[in-house]
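For clarity, chains are labelled A, B, C and D in written order, and residue numbers in each chain start from 1.
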Amino acid sequence: MEEIGFLGLGIMGKAMSMNLLSHGFKVTVWNRTLSRCDELVEHGATIGETPAAVIKKCKYTIAMLSDPAAALSVVFDKDGVLEQIGTGKNYIDMSTVDAETSSKISEAITSKGGCFLEAPVSGSKKPAEDGQLVILAAGERALYDAALPVFDVLGKKSFFLGQVGNGAKMKLVVNMTMGSMMNAFSEGIVLADKSGLNPQTLLDVLDLGAIANPMFKMKGPSMIQGSYPPAFPLKHQQKDMRLALALGDENSVAMPVAAASNEAFKKARSMGLGDLDFSAVHETVASGKGSS
Amino acid sequence: MEEIGFLGLGIMGKAMSMNLLSHGFKVTVWNRTLSRCDELVEHGATIGETPAAVIKKCKYTIAMLSDPAAALSVVFDKDGVLEQIGTGKNYIDMSTVDAETSSKISEAITSKGGCFLEAPVSGSKKPAEDGQLVILAAGERALYDAALPVFDVLGKKSFFLGQVGNGAKMKLVVNMTMGSMMNAFSEGIVLADKSGLNPQTLLDVLDLGAIANPMFKMKGPSMIQGSYPPAFPLKHQQKDMRLALALGDENSVAMPVAAASNEAFKKARSMGLGDLDFSAVHETVASGKGSS
Amino acid sequence: MEEIGFLGLGIMGKAMSMNLLSHGFKVTVWNRTLSRCDELVEHGATIGETPAAVIKKCKYTIAMLSDPAAALSVVFDKDGVLEQIGTGKNYIDMSTVDAETSSKISEAITSKGGCFLEAPVSGSKKPAEDGQLVILAAGERALYDAALPVFDVLGKKSFFLGQVGNGAKMKLVVNMTMGSMMNAFSEGIVLADKSGLNPQTLLDVLDLGAIANPMFKMKGPSMIQGSYPPAFPLKHQQKDMRLALALGDENSVAMPVAAASNEAFKKARSMGLGDLDFSAVHETVASGKGSS
Amino acid sequence: MEEIGFLGLGIMGKAMSMNLLSHGFKVTVWNRTLSRCDELVEHGATIGETPAAVIKKCKYTIAMLSDPAAALSVVFDKDGVLEQIGTGKNYIDMSTVDAETSSKISEAITSKGGCFLEAPVSGSKKPAEDGQLVILAAGERALYDAALPVFDVLGKKSFFLGQVGNGAKMKLVVNMTMGSMMNAFSEGIVLADKSGLNPQTLLDVLDLGAIANPMFKMKGPSMIQGSYPPAFPLKHQQKDMRLALALGDENSVAMPVAAASNEAFKKARSMGLGDLDFSAVHETVASGKGSS
C-alpha cells in the first residue's frame, strides 16, 4: 500500500488524509470542490482530476463522503469510480451510510471484479485528527487485512465484522444503546431536581460510580443549563432509533425500553427540538409546568 | 474525634472500622454476635457490651447495619442507642435504609438532644476495604463537618445533601438511572446477537466510545454467557425502580423509560430471576425462541 | 329485610335510599348534615340521630360515604357503628374505599360479632337513580345472599367476589383497563388528525366496529374540541393506575402498556391537568407544536 | 349503474357480488379460477373472460382481491384492467392494500383517463353476506357519489375520506387503537387472575360498563382458555402497529402506548405466536411462571 487514493476532503477526510501523508503514505486526493485539495498538496499529496482518475492511478482508494447521496454519486455518476474499477482494484468506503446504500455500492464494485470494504467510523473531528477513530469494517476480509497498516494510522482500533452491512448495523446498535442511556440520564436529572436534590451533585455522584461515562460527563452540565448545542442532532438520533427498532422488528426482538426512548425523541421533535443536540430529549421530561 | 463508636461489623462495617483503626482512630465496636469483634480487638479496638454502652462512652458513633429492621432495632430496642443519646452525643447512620426509616431515627435522636446524620454509601466490599466509598450524607451540617476526617478515611468522596432523607433519595435516582442503562445494554446485546453481529465485539466497540462505563465492562461478558451471579439482586433493583417511580409520582415527573425498565424487571421476577444479579433482566429480552 | 338503615345521603346515597323507599322498604336514614334527611322523610323515611342509633334499630344497615375518611369516621367515632354492632347485626359498606380501609372496618365489625360486606359500585348519579348500578360485593357470603333483594332494587347486576378487598381490587382492574384504553383512543385521535384525516370521522368509523364502546362515544366529541369537563378526575384515574401497577408488582405481573399509560397520566398532571376529566390525557399526545 | 363489473370472487367478493345480484344489479364477474363464477352465473351473473374484457363491457368495475400482489396483477398484467381503461371508465378497488399500492394503481388508471376510487372495508365474511360492511372510500369524489347505490347494498355505512391513501390510513389508525386495547384487556385479565379474582367475572363486569365492546365480549372467553383461533393473525396486527407508528413518525406524533403495545406484539412473535389470533398477545403478559 504505497499509493493510496482518497475521495472526499470534508472535515473528516482532510484530517484522515493528512494523517496518511504524515505517516509516509503517497496520497492522491480528489474532492468535488478541487480547491480544498490545495492544503493537502502543500503537504505532498497529488491531485486526481476525477474519481475515475484516482481509481485508475491507485490500487487502493478510500472514500469519506458526507452522506449516502454523495457516496452513491461518486461511484455511479459520470467520471465515477465504476468507470475504472476492476480486477486488482480495491475500494474502501468509510462514509457513514445505511446498509442498503452500502450493499448497492458493494454489488456494483464486485460485479466489475473489484474488491470492496465498508468501514464506517465512530468518532468525529478530534479523533480523526488524532488518529483515534474506531473503525467498523465489513466486506472482503483480504482487503481488510491489507488495509490494516492504513487503519492503524487512522484509528486506535479497527474491527472486521463480516459481511457488508454489518458495519452499519453495529453503528445502529451502539446508537440505540446511547439513545436509551440519554433518556435514562435525562429522567435522573429531572427526578433529582424535582425531588429537591442538586442536579450538579447528581452528576458528581454518577461520575464516581459504576456507570460513569464520558457522555454523562460531557453533556450533563449543559443539559442542566437547558443548553443543547448540536453535536449529534436529535433528529438523526431519532432516525437511528427508528432504524434500530426496525432491525429488531425484522429479527423478532422486542425492545420496550428503546421503544419508549424513541417515542421520547419523537415527542422532542414535535416540540421543535429536532435540530438541537440529542440531549435535548431532556426537555421532554423537564417540560411540565404545574402539577395537581 | 479521637474516640469513635462503631455499631455493626458485617462485611462493610468490619472493613470500615478496620480502616479507622489503621488510620490511628480509637474505636469501640459492638456487634449483635459479639464474637465478630475479636479480629478488631486484635487490631486495637475496644468492645462495647451494648449499643447504649458505646453511645455512653463515645462522643461520635457510626452505625453500619444490614437493613432497616436492624437499623431501627439498634436504636429503639432495650439497651439501644436511645437510652444514652443526648446533648453532646452524635450518631451517624451509614446503613442503606429508606427515607422513612431514616426520618424516624432522626426524630428520635434529635428529640433527645442528640445530633444525627444519615450517610449511606455507594460501593460494596472492595471499595469499603480500600477506603474508596462514595458517601451521601444528609442531616446536621455541623456533624458532617466534624465527621469529615472520618469520611476522608472511609471514602474517596463525600457529599452533604441537605435535609434527612436526601441521601436515600440520591441513591434511588442513581439506581434508577443504572437500571434503565442495564435495560438499554441488554437490548443492545440481544439486537446485536439476533442481527448476526458478535455480541463480544459490541462490548469491545462500546468500551472504546462515549458511553464506555465500568458496569458494561464488568457485567457484559458474563451476560453474554447467560451468567448472572448476584452482586446486586434483581429484586432489590426492581424495588428501587419502584420507589424512584413513586418519588416521581409525588413530584409529578413522568419517566416513561424508567417505567418501561421497571416492567422489564417485573417480568424478570415473574420468570423466577429475582435472586440473580439485576443484569439478568437480559433474559427478558433474549428469551424468545421461535419467530413468525 | 323489612327495616333497613342507611348512612350517608350524598348524591348517590340519596338516590339509592329513595329507590328503596319506592320499592316498599322501610328505611331509617342518617346523614352528617341531618337536614339532608328531610326529603327522604317526606317520602316515608324515619330519621336516626346517630350511626349507632341506626345500627341499634335495624338488623341491616347500608353505608354510602364519600371517601375512606368518612367511611372510617362513621364506624369508629363517638356514636359510631361500633358502639351498637354485634351478633345479629349486619353492615354493608357500599362506599368506594381502598382494600386496606375496607379490611380495617371489616375486622372491627366482625370482632364484635357483626356481619360485614363491602359492596362498592360501578356507575354514578344516573344509574343510581335508575337502579342500574353494578355492585361488586365481597365479604360474608350469607349476608350477600340476604341482601340480594336490596341489590336487585339498587343495581342491574351484582357480583359476589369472595374475601373482603376483592371489590376494591376488581375496581382497580377495571379502571386500569379503562385508563389504557383512553390513552389508545387519544393516540388514535391525534394520529388521525395529524395525518390529514377528520377525527370526527374516526369516531364514526370506530362506533361502527368491533371496538365500539360507550366511553369513546360519550367522550370523543368533546376531546376533539379540547374540552374535558371532569366526570372522573384525571388525578384519581392516575391514582388508580398507580395502585393497579402496585397490585401487579405484588403479584409479579409486568404490564408495560399500563405503565406507559400511567406515565402519560403523570405527564398530564405535570401539565396542570389533574383536576380535569381523565380524557385530558389527550393533551399529552396532542400538545406538540412545531416539528423537525 | 345498471351494469357492474366485479373482479375477484374470494369469500368476500362472492358474498358482495351475490348481494348486488339479489338487489337487481346486472353483474359481470371474473375470477382467476373461472369455475368459482359458476354459482354466480346460476344467480344471473354474466362471465367476463379477462379483467380487460370486464372493463370493456362495464362502465363501473369493482375489484376485491386478496392482497396487494393480486391487486397489482389484475391491473398491470396482460389482459389486465389497464388495457381497456380510459375516459368514461370507472374502477373501484375495495381490496385491503397499503397506501403505496393504492397510489400506484390510482396513477396508472387516471393517467389513462379513467376514474379511480379506493374503498377498503371494515368487516369480514358475515358482514359481507349481510350487506353490513363499513366502507372507507377515498379518491374521486364524483365516482364515490355515483357508487353510493352500490355501497348502500354492500355496507351499512360508507365514508368518503378525501385523497387516495386516506382509506388505508384510516384502517391503520383503527387497527392501532384496537391493538393497544387488546393489550390493555390482556393486562387486565392477567392482573385479575394473579390477584385472586375470577377472570370470567371481570369479563362480566366489563360487559356491563362504559368500556363494554364487541371485541372484549367475543374474544375474552377464549383468551381465558388460552385459545387463540386466528381471525386476524397477530403478525398482521403487529405489521399494522408498525405502519401506524411509522405514520406517526412522519407526522411527529409520539405514541408511547402504541409503542409499548407494538413491542408486546413483537415479543409474541418471538414466542412463535405470529400465526395465531392477535389476542395471543395475552400470552406475553401471562407467561411468567415463578416469582421472587
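As a working rule, a residue touches a chain if its C-beta (ideal position, glycine included) is under 8 Å from a C-beta of that chain, and two chains touch if they have at least 3 such contacts.
The structure presented is a predicted model; accordingly, all values stated were derived computationally and were not measured.
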- [ ] With chain centres defined as mean CA positions, report which chain is farthest from chain A.
- [x] C
TODO: Since chain A and chain B are copies that touch, just let me know if over half of their interface numbering is common to both, same, or not, different.
DONE: same
Open item on the list: Quick check: how many Å separate the C-alpha centres of chain B and chain D?
Closed with: 56
Open item on the list: What's the distance between the Cα centroids of chain B and chain C, rounded to whole Å?
Closed with: 42
Open item on the list: Quick check: what residues of chain C touch more than one other chain, meaning two or more?
Closed with: 248, 252-256, 259-260, 263-264, 267, 269-270, 288, 291-292
Open item on the list: Please output the residues of chain A touching chain D within their complex, sorted ascending.
Closed with: 242, 248-249, 252-256, 259-260, 262-264, 266-267, 269-270
Open item on the list: Which residues of chain D touch chain C once you look at their complex with the stated criterion?
Closed with: 122-123, 134, 136, 156-157, 159, 161-162, 166, 169-170, 173-174, 176-178, 180-181, 183-185, 187-188, 190-192, 194-198, 201-202, 204-206, 208-215, 218, 244, 247-248, 251-261, 263-264, 285, 288, 291-292
